[in-house]
């Protein structure tokens, strides 16, 4: 059977790198593997980085059927092509995860920032229930131009970090937790109400968006 | 005209001190000054402490028309009778307010604990945006048998305090804030999801309930 | 393949017992069995009680691969090590479950209080639809220094119990129910609005937190 | 200026008594006094009871400009005409208010049931924080064919009452309370989730609807 | 292995028939088949009707292992014992389902009313999108002492029915629908705000509660 | 003092009539009278209809200071200029209000449709609690090319009307009601879930939007 | 076993085409395949188009067991009979999908409009993140009498499209997205608050309703 | 009477400029004028910029009683001292307001960025209902290092702007709108779900936080 016609389900924004300085990402959730494969084919001859986000194993397989050496991180559910991130420009991004369960979102953020061209560090399990764990990383945090803080449950960590540094904090609520965490709503509200200014909130579990935003903030002046 | 008949609008639980060890409180919101005055009259000859909570100036005036020397704190909107709190028993309660705007609720909590028989301290404006302000009080916090933490906006302070001490934290969300604070809902959810165990949550702006709970926790063994 | 490196996903708060007087617990939901196993290995040589909460069977198996004699209660989804709870100190905790379906949360609370060092009783199926069932236990309830009340659906039981006793009630809403129970939200709101003061609310289904809080309240004076 | 034309703002359902056995009520909130007056004029020559609900003082004045001897209860915000309720038929209705602040809604319910033809009792301030107050009224409650229970805050009383009697309970949540009472939402959810069956819930603060429903339930067989 | 001990998970309210005139029902959701079986054994020698609600096939099998001739309706997820409903007393109940998808809840209501002793009719698929379908049943509806109306999606049918008859309407919102139906919330709110008085609302999908309430309303005078 | 500079607070879309075929409307809520006056001045020499919506008396006065003969309907809070609506084109619009309290929104819808060039009828107080009132207007409803149905509380009327006619229904929920009406949310959800297809929902109390949409639907073919 | 009796679960509104000009659709979700089959049999000899919406594969198989040549689109989950849409009348409908993941809902809308008699175009993946993609289709959009815009996540596209054209926009929020998309709620609210008038909102994921409404709007004058 | 003692209600974080590089701001809502005056006195001898946000006229008067030449913008409700903003460093910030009613929040953002040391432009009334208004400013937007976009109602503008530029967009939802705008919730959700990455969301109406965040993003490298 003939391949499905790309135009019947997608309309790629290939022009985006030129217009915005950052490449399009393909959001795989809700797409069939066949659709993802068709998009990968269309992007094959397109220069520049492409990220496939929220990619299940079968989405990753579909991409790699076309782009066999694409990078795949199953924890972050991210596929990247070309497989190697570009040489870093701009300033440093640090990604902080409050708990072990926040790791998938934190890795998505860190890898995104890396593939968009920033040097990136990842620090894990430094929740506010033991403040000394946060305080132990203050020097690293102060060296970053943008800090991504990923937290579920009470979502209190971004406000605490923002109160310690000069750089903006990109806060990512996660759906980690139960009951009155309401799938990340509690953490989202906490972050929107952070007492310390300088907290930029993105959608629940949106590691990609956080990494993208951090990469923009930490870009070299006059460059995307 | 004759005084309104108490039984047409109230049915006092005078027996409560015997049954629970703590006296009844009169919640003034939604009651007319006449009703509050009628209740004050009925309580006049009843031994033991009575608290009138959420008392507007006209409620306070109605009580003092009957009990002229009653204590009145207009910030906390609390009226107490007899005017002097009992000599303290049990252990110490500390009340902490995250911000200046949380003061009315914090005072209601502190005064309640005092009138229910506990020695009480009040510490103000120690929000998480400047952690050093909390850390400066750790010694005081560790001397308490129960710590009441009052916070609006992100409501992050109780979880941070709970992570520093052995005693239970009674967390009171306040309606301080705007927008996505949703009249205290954000702070409430944060506290319910606090990463540190040992956080006992009460209703938004419920300083009375927090002070009562702290007094119970800090009661001497075998005593109410 | 080499074991995964603990520092890439967890940062244990081994110092917590010293700081707070209560040991860290490992929240297993959202962690892989491999991660839980790695944490169990790190804790093996650490003295003191460790609790693994929300442990599915595969989490329990991962712990017991390292700590073969660990205690496991599959109803409460709790793993404890060392397997025997410490000799009780402080005062008594009573845990009350409104209905049979609340039993998993109630057991989690009761076992937590026990492993944190309190003598604990568990009473089941005493909902407010038949008040005589609650009233039959008043003597037992009055002997406790802290009563944990676990209830779903209308969540009315904690307020009723609080009105009968001098000790604080730790109220745990559960997600038992359907429709307008909204996964425990209805019970949570009921408990936050309990007419009787002395009700300390924790998160929906948070048996661990309730048991921890009750253990703190019932601790011997001057001890955690 | 000419009186405003009734048909430009209202279309009375004069036929309702014939069709349903109960008369139309005029909901005054959102209507101008002029509109209420025009409706009162149209109803003047209509036989049978008419109730004007949620009537502010100026609505009441507008009605009495046309129907000078109409009955007006400012607490219940109810105006009735003709002024005397009909001789009671059917069985007894009992209305119970959990707290003093619930009195306006409870009076609206009791007066409605009375004007629709039922013998009605009103009992006030019997909340669940002191169970003995409810239990003292069990005999009265068991004599009723329908019991209306009015409660704000935790809204726990209807479920407790339903567990004690054979007759249906009409549960009215009120907006009494603050914070997580969410203007009556908490009480509403509690009542919808009452563990005891036999609880019929109406809208928040809907004393009129509760009294109407109770009157229907307690109607003599074969009669409206 | 020994049978599990009933008292460790349940505390039957066998006295309920005497106190309320209606038997206890066993809510099976959240109970293990073993627990349901244990309860069935305890009830075996207890006289009077017992209903097991929300019974999955394995719950039904567990009951029938002990009470082999128990009645089971898999659509309504109801098990009844003894298998035959009692001879009807009191007046007639009519159950109306707005759509085919509401049938499980409607059958649960109708069977409950029948097993509690009322003659019951069931009418299906008469939603308000085609009013003539409702109007065709007005005569039947007017013969009932209580009408249960079951509807999902917009939940508009109970208000329309209430406007046509003298008897109370028991309104049951269902979780039928999608999107902004929010699992029955939309229908629930519609019913609580019905313009026609005389609508008694129960929880979403609560066919059992609706049937019970209708049976109480339609009971013979002086009888439960 | 000089007049404030229009460009510092507004940027008129004068081109809208050409682009869309319908003129811009000025939303007055949140604007100062001075700002509204400045906009009126800028529009004075602009040909075509202009509507000022949500205009309080002081907004209306500000417009009429510049455009003295502008039309003002204080119930609808609408100001129109030029004062006379255009000669009607296209087909007929009918606006239906469920209750008297819905009249302000219904008038806003009807006047908007008229000023945008449609012949419009307004029918008031035909709620579903008395179906005969709706049915009496079926002939009129069937003559319209678009029917606007305005309803608060349960919001059931649009679905009932849609089930009776071929033309689209524009449904406007209103904030009329109390308690679980949640300021129009209940009516909004009802309308979004209407069982009858053909219901186009607009925002709560958005009479302007409904009239605009109805005017577009009823436009003559090939004309805006 | 005998076929189940249709009247026990459904009551077809065969008269709807005559009354409304549009045929009934069968909503398959929540119906068993047997029930759907029974309805298909009843409709077999009924003239005119029938649509089966939300049809899983087993629902489609059940229909085709009775109507073997029925059309089935598994992406749209739609079954239509007779298989060929009628010859188009009235004006043109254009359906626009913001993203690839919105395709199922968009196809349901487009096919519905087609089977109800309108010529229909479908345009895919033109979200607002790249405005040039929308602007490239303005000519097509301006030729339509009704434009259906299907969008999840931020739901911003309908307002943007409405600002560009004279015809009404039928806006369909979808449940595409995650986190604070809240299953389509975010998109729904965006559409209800669209700054541009002329946006008619339907329920989340309601492609059928949108196609139906668009077909009504684009009907030839004087025809359904 | 003596001045109230500052330490009884506030605990200034004078160290914040050193730690974070940005000065503390005084949130006036919920503080009495006396408290604000006391804080102003304490800050008088403190070097560096101080902002008083959400300052009503009486708060502003209280500040100016102590700091007579302080700058006051009553639209933005902002007081600044010293009155002149510092000479700009870093890169440019552009603030965009979707509508006239969003002006107070937009001015708060623009003034904050200016007082924190950035050159700032303000563009008003460029909502998405007329895209040409946004597109006319693309060149200006592309020259900024951070763009603040302020929008109420549908909140669609930030996503559209983000799709056009390389720099981060700081999105501020406002409470402008009515009905389903839910006091800014709709706009907030839209922004969190923006299809274009690079959108940093802050709390509803939080102009101060947005200006602060933009100033941080646009800071010169290596400087706060």
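When the chains are written out, they are named A, B, C, D, E, F, G and H in that same order, and each has its own residue count from 1.
One rule holds in what follows: a residue touches a chain if its C-beta (ideal position, glycine included) is under 8 Å from a C-beta of that chain, and two chains touch if they have at least 3 such contacts.
Since the structure is predicted, the reported quantities are computational estimates derived from the model, not experimental observations.
Shared contact partners of chain A and chain D, listed by label: B, C.
Interface of chain E with chain G: the two copies contact each other largely through different residue positions, with under half of all numbers used appearing on both sides. Rotation angle, chain D onto chain G, C-alpha superposition: 180 degrees, expressed as a multiple of 5. Each chain's centre was taken as the mean of its CA atoms, and the one lying most distant from chain C is F.
Put simply, the chain farthest from chain A by mean CA position is D.
With B-D and D-E as the two chain pairs, more C-beta contacts join D-E. Chain geometry summary: the mean Cα position of chain B and that of chain C are 27 Å apart.
Inter-chain spacing, taken between the CA centroids of chain B and chain E, is 44 Å. With each centre defined as the average position of its C-alpha atoms, the distance from chain B to chain F rounds to 49 Å. Counting partners per residue, chain F has 19, 99, 129-130, 163-164, 179-181, 185, 188, 192-193, 203-204 as the residues that reach two or more other chains.
Each chain pair that touches appears in this list: A-B, A-C, A-G, A-H, B-C, B-D, B-H, C-D, C-E, D-E, D-F, E-F, E-G, F-G, F-H, G-H. The touching residues of chain E, when paired with chain C in their complex, are 7-11, 13, 15-16, 19, 27, 29-31, 35, 54, 173, 175, 183-185, 188, 203-206. Across the complex, chain A is touched by residues 99-101, 103, 124-126, 129-130, 132-133, 176, 178-181 of chain G. Chain A contributes residues 19-22, 25, 91, 145, 163-168, 170, 188, 192-193, 197-204, 208-209, 212-213, 216-217, 219, 221, 224 to its touches with chain H in the complex. Within the complex formed with chain F, the residues of chain E that make contact are 98-99, 127-131, 135, 153-156, 159-160, 162-164, 177, 179-182, 185-187, 189-196.
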